Structures are given as structure tokens and as C-alpha cells.
Amino acid sequence: QEKIDSTQATISHSSKGFVFATGDKKFELQIAARLQFRFATPDDQNPVTFNDFTNLNSRLFKINRSRLKIGGHAYHPWLKYYFEYELGQGNLLDFRVMIEKWPWLKFKFGQWKVEFTRERFISSGEQQMVDRSLINREFTLDRQQGITAYGNLAGRGAANFSYWLAMLTGTGRAATFNDDNKLMYFGRLQWNFLGRVIPFSGGDVGISEKPAALIALAAVTNTSPYTRFSQSGGGQLVGYEPGSNGQYKIDQYQLETAFNYKGFSWVSELHRKYILNKGTNENTTLAGYYVQAGYFPHGIISGIPEKLEIAMRLSEYRPDLSIKANKQQEVAFAVNYFFQGHKNKLTAEITEFTFEDKDLLRQDETRIRVQWDISF
Amino acid sequence: QEKIDSTQATISHSSKGFVFATGDKKFELQIAARLQFRFATPDDQNPVTFNDFTNLNSRLFKINRSRLKIGGHAYHPWLKYYFEYELGQGNLLDFRVMIEKWPWLKFKFGQWKVEFTRERFISSGEQQMVDRSLINREFTLDRQQGITAYGNLAGRGAANFSYWLAMLTGTGRAATFNDDNKLMYFGRLQWNFLGRVIPFSGGDVGISEKPAALIALAAVTNTSPYTRFSQSGGGQLVGYEPGSNGQYKIDQYQLETAFNYKGFSWVSELHRKYILNKGTNENTTLAGYYVQAGYFPHGIISGIPEKLEIAMRLSEYRPDLSIKANKQQEVAFAVNYFFQGHKNKLTAEITEFTFEDKDLLRQDETRIRVQWDISF
Amino acid sequence: QEKIDSTQATISHSSKGFVFATGDKKFELQIAARLQFRFATPDDQNPVTFNDFTNLNSRLFKINRSRLKIGGHAYHPWLKYYFEYELGQGNLLDFRVMIEKWPWLKFKFGQWKVEFTRERFISSGEQQMVDRSLINREFTLDRQQGITAYGNLAGRGAANFSYWLAMLTGTGRAATFNDDNKLMYFGRLQWNFLGRVIPFSGGDVGISEKPAALIALAAVTNTSPYTRFSQSGGGQLVGYEPGSNGQYKIDQYQLETAFNYKGFSWVSELHRKYILNKGTNENTTLAGYYVQAGYFPHGIISGIPEKLEIAMRLSEYRPDLSIKANKQQEVAFAVNYFFQGHKNKLTAEITEFTFEDKDLLRQDETRIRVQWDISF
């Protein structure tokens, strides 16, 4: 079976790692890895329940993420593929094929992070803070399997829209089955009203010469045994029991804004999530938001190093809108030093958590984390 | 430990993916990946029991296979190695070293798919239908660990034989132990009576100018806790309880034919499997067969695209030869479109299953599947 | 996000596998794999309890290790990284970043084999016998996560010292948490008193022209739920119950020697391990040692092939120093044939185990193993 079908190829290195490509441009393969080292005290995870405030503290040093990334194209420059593997956990995260022949109509097949929220879709290696906000756990769709159509419709000036429309199995990462006949449907419309698209990357690391902004609206509906999704696949929010097939019908909406200009960056998300438990016929409405802003102060104080950014975030989560007293908050402040942009950066962060509950005492926790994220 | 032992190397691309090779031909490494996307309704798996006909249907979209393949040679062109990893499941499938110095006497060490049946040994990326037949589950030896001697004895004309002789641990994929002192022994003799060897690949995609044919006889004996093997390792057929060490003695025979000529392809397998349950001293004889044929109709109707193949399969399984009424059947029809041979192809398939049992009503199911298989 | 940041790169092959490097020397990536095939009778594992002597024997053939190794540097030649993956088990073994700018002060972040003992730190692909000694199970720290500072202080002649100082989470491989506030602390001081450093590699395969020797002292303290560590992470020695957080306080000391000259090699380790069970307030002292020597007899008998080495090992383990009668011993003899040094070698080994216990009959077992270890 030795076939004589060899084509000459070349090797180079770019921000995507080492790149192998054939001379005829038909085939290309990139390989890169990323490690994220983290020190945290008194512990690393965001508190989820009131118990998490009184638990034994356990400072730790860990390799929080270790990723292998393989991407490229085959047969045609527009027939792309991408694999991402979490080495430490042994989880295959992304495996997908993209048909990107026309900018206004592209297709994606496989498993990937649904483009529902900007915060989740941005790679954990391109974040502005050490990690995502308090509300990511409750509102993310995380990774799903299926098919999506997407593209950018760019007219003159403000007539610049991006869109995503997806049909997904709706049972989370690594699912090899569907629980019922119902699929997950997802859509997102993004208005790039200054005529430029902001990349999915935290902060304005490139120090944009011209302003870029977006307003996006996203919605999703799904019926499954789960009330939340994470890298581990489908799971349950606090207070929800493991579901049977098709037990939870969930509708979610999200309003997002983002803005980048001369080193300043802004991003916000405002969420609503409606859970119908078909077992008990109970309806619950969850709400949450975050706002986040960052700046490279070198822009106004030239004595501060160019590669240093300061950023802060405020987020709030309401587990049940009908109970006003139940509320969780996070205020965080971070400093980034970008040795080589997001590819090699150090982040220090301090966060104050506050939990309020109608039946319990208010709880607070202050957490400090230091993180080094490096890509090869 | 920095050693100055560097040799210049080159890079190219072939049907095996990107290829790195030293100038002196001593070292070579190929890397490739493959994704298989599948849509199925009402469900994907072959029915195994009567319950599978009445279960809740669950149409689905999934990445059915995601493979990373690394092969090459080291120190000598004839000292070869091959790894194949199922990324989605996190299973190492193949890891083996081959000594292929002489065509008539080669050796293989490690773990791989035993060459017992043509259907199982052909890569899931080079199949003619969407997947293997109804009888594969019951008769395959799947992957085993051990050592095999094999080769091709080619005299003039009809005097062309291929053979395989193996000594295997006989406890399936990923086994790190043997249950007893007994090993699995396997042999296969294949007569290539037209003097040409048919490659292990589905259909006559290369449109053979000259006819090629084979008749093969294969046999295996094993004693283990298992009555069947799959990618998950050892397991049990329907109706067999989990076994203790050395509980099941199994002997299997298989008669196989295959023929390729001008776009037409034929393949058949006829199986017998004798299970002795040493716990109960019961003997059972299982039987099954399939016949499969395909054709590129462009050969007679030039208006039909060259890259389109039609194929069909008939298979039957008898779980106990002593009970005539117990019988399972599959009739399948498929259309393949080969964008780039087996490396990038689309398959649509319709299958009719029929199950008969002496005590139960006859059951039918019609399944439709569409599959895209692409290698990078 | 297509960035035009490509740098030309080249490819070569070395003892570290295929090597990709940019022309400016800033980036380099090496990729290699290793397979270890083993036949063992009557079984493979070292006996751990008296039961292991009377168990059903089960000879076996297996792929004992299958490793993927990816290393290199990024941004600077001194900013190095290394990943090692056990493919068969799906375990990420090593993932670490090294800052090696100065020979006398280097830093390592991530997860790796603690440099506590020479025997464990030497790669399983560079061993002198088929595998490590009887006492490795009880005394190794295996892999841990954390940070270490290390280096070589080389004055003239005998003033040559290597050192390692580490702060580790102390909960073993793949741990993503710390059980308590206490970390593991480790130190090792190594005196290279002949002014040359012996590499961490078994035997004197390079046939040293000049003698090299070392004396090393190492110590470690840890508080965790575990009494031993292995590739599976934290676990328990025979006779110790699963622990709660911080239950076992463990202190260990080790005295090591090694010597290489003209094909002769010597290595020894002498261990003490103090276990305080905070649940029961019991103290136990464990002790053990091994001595191992090898020689390439071609040095004195030129008729013997140059690539052949003979080696032997004696080791003894005392599970509780206060009970003199409890003692386990191993005497092993091995022959190595180095086709291409440690990168491709065949080893045959015979071992005699003896277990003594104050309440039980003395037990013996003779084991034979043959192993082929090959790197690509």
C-alpha cells in the first residue's frame, strides 16, 4: 500500500506554533501546546455554595490547563480542521471541520464551544483576568456537538453584521447519544456598528488605532437531562436533581456589548435563563451579568511599562429572580504583564466574593491568584 | 545530555499525511488524522436484542470516530512502527512494531486488529458501507496483544499465498494481564489465485485493470473470561454471563472470498463459532455470513459521475444453530461519493433489519444513515 | 485572526526524535515515541505480599510502556518545555517548563519525577535491568506538582556539587487539589567528587574514558492521605488503610552513590522512611537498600560483542525495622544487548525473590523476563 503520491512541503513557525504546508497550498498542519500554571490561596475555585466559605482552606500550586492544539486545512485552503486536547484530564475538547469558502456563509461540523457568550468563547489562554466570571458556571452552553452556519455580512460603515445559527445534539461535551428526539437550537446576531469586527480575545492587546464595537443578542433552547454544561459535559446547578431524559426545558437569552480602542477595552453580558422542570412543572428564572474593563496605562503615563495592563470586573448572579435576597457577587482586580502578548503572560488577581441568602448569614471571601500562561 | 547527533531531514505530504524523513532514509515519521461525522435516524447502533426495536428513537448527529495516526520507521527502512489513537474515547487502538525485512517472513509485535476477517481488518475509514455488517459484533476478534509472523509467498501465476500465524494474550484491547496460562492462537491462509493481492480496502476505488481475487481460510482458538471482543476490550454476547478466568473456550472458523475488477467488487465471509462454557459444560454453535458487492456505474453509463459507487450487503446471524427459528438479518444499500478516494468521501445508506425468534413476534426496523469521512 | 508572523524553520533528526527549529533559534520542538515490549513468566509484577507467591501463574506478553515525548523551547533557548504521555494508560506523566538561563540556578514548574532517587529519576527507557528494584515501590516519591530550583556549582576538581530544592503540592501525579495547607518539601545535595557529572542513565553505555562518581544525600517531608506514590498517584503501602486529609506525616532520607568508568558502572541507594499515622499515633520505620553493578565484558574479553553488558542487583526491604524477621529480598541478573544504545535494546533477566515473615513460612519465586525497548 505504499503510494507514490508525495508532494514537497515546507516548515515554518507562527503564532499558531510550527506549521507544515505543501507547496501547492492544499494541505497545512499547525501544532502548538499551551500550559497554564496557577497558584491560589485560600483556594482556587469560585465558591458555589455557602459551605465553600467555611471549608478547610487549601492553598495550592497546579497546572490548571495543558492543551495540545492541532489545526490546519486539507485538499483546499477553505476546508479547515481543528483539534484541541486537554492533556491533564485526557479530554478531547474541540474536534471540528470548517467549510470557509465564503465569508458570508461558513459551516462548522463537530464539537466546539458554542458562540453563545463572548466570555466562554474566548480561549482560556486569551483571557483578561485569571479566569472567567462568577456567572460563567450557570449560563455557559460550553461545548456541544452538531452543525452551525455562520458568517459576516459586511456592507459599508455600520452595516456590518456577524451571525451564527446552530443545530446541536444538546447533551454536552463527549456525548455519544441524544436523550430524546429534541435537538438544541442556537442563534446569535452581532452588530459591529463601527464597521470593524472585534476578535474573540481578551483586552485590547494590539492597541487598536481605530475604535471597534459590537452589540450582540443570543438565544438558545434545549431539552435534556441537564441544567448546566461544563468541560465535564452535562451536569446540574445547585438545587437541581439529576434529570431523566428530556426532563429540563431551558431557554436562555443574552445581551452583550464590547468595545476596544487605544488599549482600552470594555465587555459586558446580561443573562436570563428560564428552567422548566417537566418532572415537577416548576419554573425558575435565573439572572446574571458582568461588566469588565481594562486599560494599558502606558497610554497616559509613559513611565509605566508598555506591556502592563490593569483590568477589573464586577459580576452578579441571582439563582432565582423571585427571591430578591438570594444574590452572589464578585469584584475582581487584575494586573497583566504580556511578555509576548497572550502567548506568554503573567497575571495577578485579587477577588472579593459576597454571598447573600434570605435564610443565611452573608458570607465574604478574598482570594488571590497568580497565573502564568505560556504557549509554544 | 545535549547530543550532537543531528541528521538533516525533509518534509513532504502524501496519502499518509505529512511525512518527515531523514536524508539517509533511516528514519521516517508520518502523521495524519481522520474524522467521521454521522447522522442517523431512528438510531445509530445495529439492533442487538428485540428490545432495541421498541426503544425510544433518538436521532442524532455525532463525531463517530476521531483518529490520530502516527507511523514510520526507525534505524532501518524495514523496522516500522504504527500508533493509532481514538481521540474522542481516549483509547489507544494500535501500537505495534513491524520487522518487514523479507516479503515472505515478517513479524509484528504489539496490539492491533487480528487479521481474522477482512471486514474487521479494513480500516473504518476505507469501508464500502457506513459501517461493518450485523455479524461483526459476534465474530470479530478485534484487537489483541501479542506477536505474529506473516508474509506473501509469490510464485508464478496462481502460486500466490499470503499467511498469518499469531500467538496472542487473548484478553482483548488494553489488557495488561492474562487470565490464565493459556494464550490465543490464530492462523489465516489466503490464496491469491489470480496472482495479485487485493489490498485491505473496501470497494474497487482504484478501478483495477486486471482482476484480483482471493479465497481465505482462518481459524482461532482461545480460552478466556469473554465470549466476544470489541474496541472496549473483552465482553459478552447476549445471553452469556460475565465469565471467570478461563471459563469460555472458543473455537472459530471463517471462509472468505473477495474479487475486484474494473470498478466491481465482491466480498463474502462465512462463519462458525463454537463456545464451550466450562462452568456449565454447555456447547453452543453460532453461525453467520455476509455477502457484499459494489460497482462504479460510470463504467457502463458514462453520464453517471466517475466518483460515485453503489453497493449492497446481505447478512445473516444465527445465535444458536440448534434453534432454527432464531435468526437476524440485514439488507443494506449504499451510495458513496469519493471526493478524494477513501480519504474524503460521503456515504448514504439505508438498512432493513429483521429479527426472528421462536418465542417472539418478528421485528423490523428501517434505518437511514449519512456519513462524511475525511482524513487530513 | 490570521497573523502574518511566520518565521522560516528547518527539520532534522536526533536522539530526541524529529526536531523542528526556527532559523533564529528561538523556537524548537522535538517529537519522539517509545515502546517497551515485555514477556514475563510466571508473572510480571514484583511480589508485594505473601499471597503473590501462591497465586495462579499467568505468563504474559504485553506492551508495558508506550510513550509520546514532546519537548523543546520557546521564545528563548533557555525557556524549555517537556511533555510525556503514557499512551496505553492515557496518563499525562510530565508537563513542565524549565528556565535554564544559568547553569547554577535553574527553575522547573509543573509535574515531573522528583529527583529523590537516581533509580526512579532515570527514565524507564534507560534502565540497566528490565525494571526498577524491589524497594522502588515503597520509597519513591514518583511524580509531584510544584516548583523546584536546581543547578550545578562547578569549581575546580572535587568542588563540583549539584543541588535540588523543591516545594510541591505533595498529593501525587494528576492531583488537582491539595488535601490541606501543608506542602511537600524536598532537597538533594550531590557531590560529584571527581569533577564530572554522571548523567541520569543506566550503565556506562558510553564507555567513559575518565572516571565519574557521586555521593548524594536527599531528604523529604510531606503530610498527606498517602503512604506511597506511583504512576497512579497517591496510594497505600501494604498494611496501611486509606487515609484522611493530612493523616500521614512522612519523613524520608536517602544516601546514594554512583560510579562509571570504562564500561563498569556501580550504583547504590540506602533508605529510611518514617511514617507517623496521626489517626492512631503509631510510628513505623521502614528501611531498604539496593546495590547494582554492570560491565561491558568486551573490555577484557574482546571476543564478546562490544554492545553486550552484564549487570546484577541485590536489594532488600524491611517493612518495619522493629520486627527483624520481616524481610524481602531480590537478587537479579541481566544481560543487555544495545543495538543503538538505550534507544533500541534487548534485555533478558532472571530474578530470585525471597520473602520472610515472623509468622509465615519463607517464600521464594524465580522470575524470567525478556524485554525489547525501542525509541523512534
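Letters are used for the chains, namely A, B and C, taken in the order the chains are written, and counting of residues starts over at 1 for each.
In this text, contacts are C-beta pairs under 8 Å (C-beta built on N, C-alpha and C of every residue); 3 or more make two chains touch, one makes a residue touch a chain.
Everything numeric in this text was worked out from a predicted model, so none of it was measured.
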Copies chain C and chain B - interface residue numbers shared by over half, same or different: different
Angle of the C-alpha superposing rotation, chain A to chain C, to the nearest 5 degrees: 120
Between chain B and chain C, centroid-to-centroid distance (C-alpha), Å: 39
Residues of chain C engaged with two or more neighbouring chains: 11, 90
Contact footprint of chain A on chain C as seen in their complex: 1, 3, 5-11, 20, 22, 27, 29, 70, 72, 74-75, 81, 83, 85, 90-92, 95, 97, 109-111, 145-147, 167-169, 174-181, 183, 245
Residue ranges of chain B touching chain A (in the complex, touch as defined): 11-15, 17-19, 31, 33, 35, 37, 56-63, 66, 68, 87-88, 90, 199-201, 339-340, 344, 372, 374-376
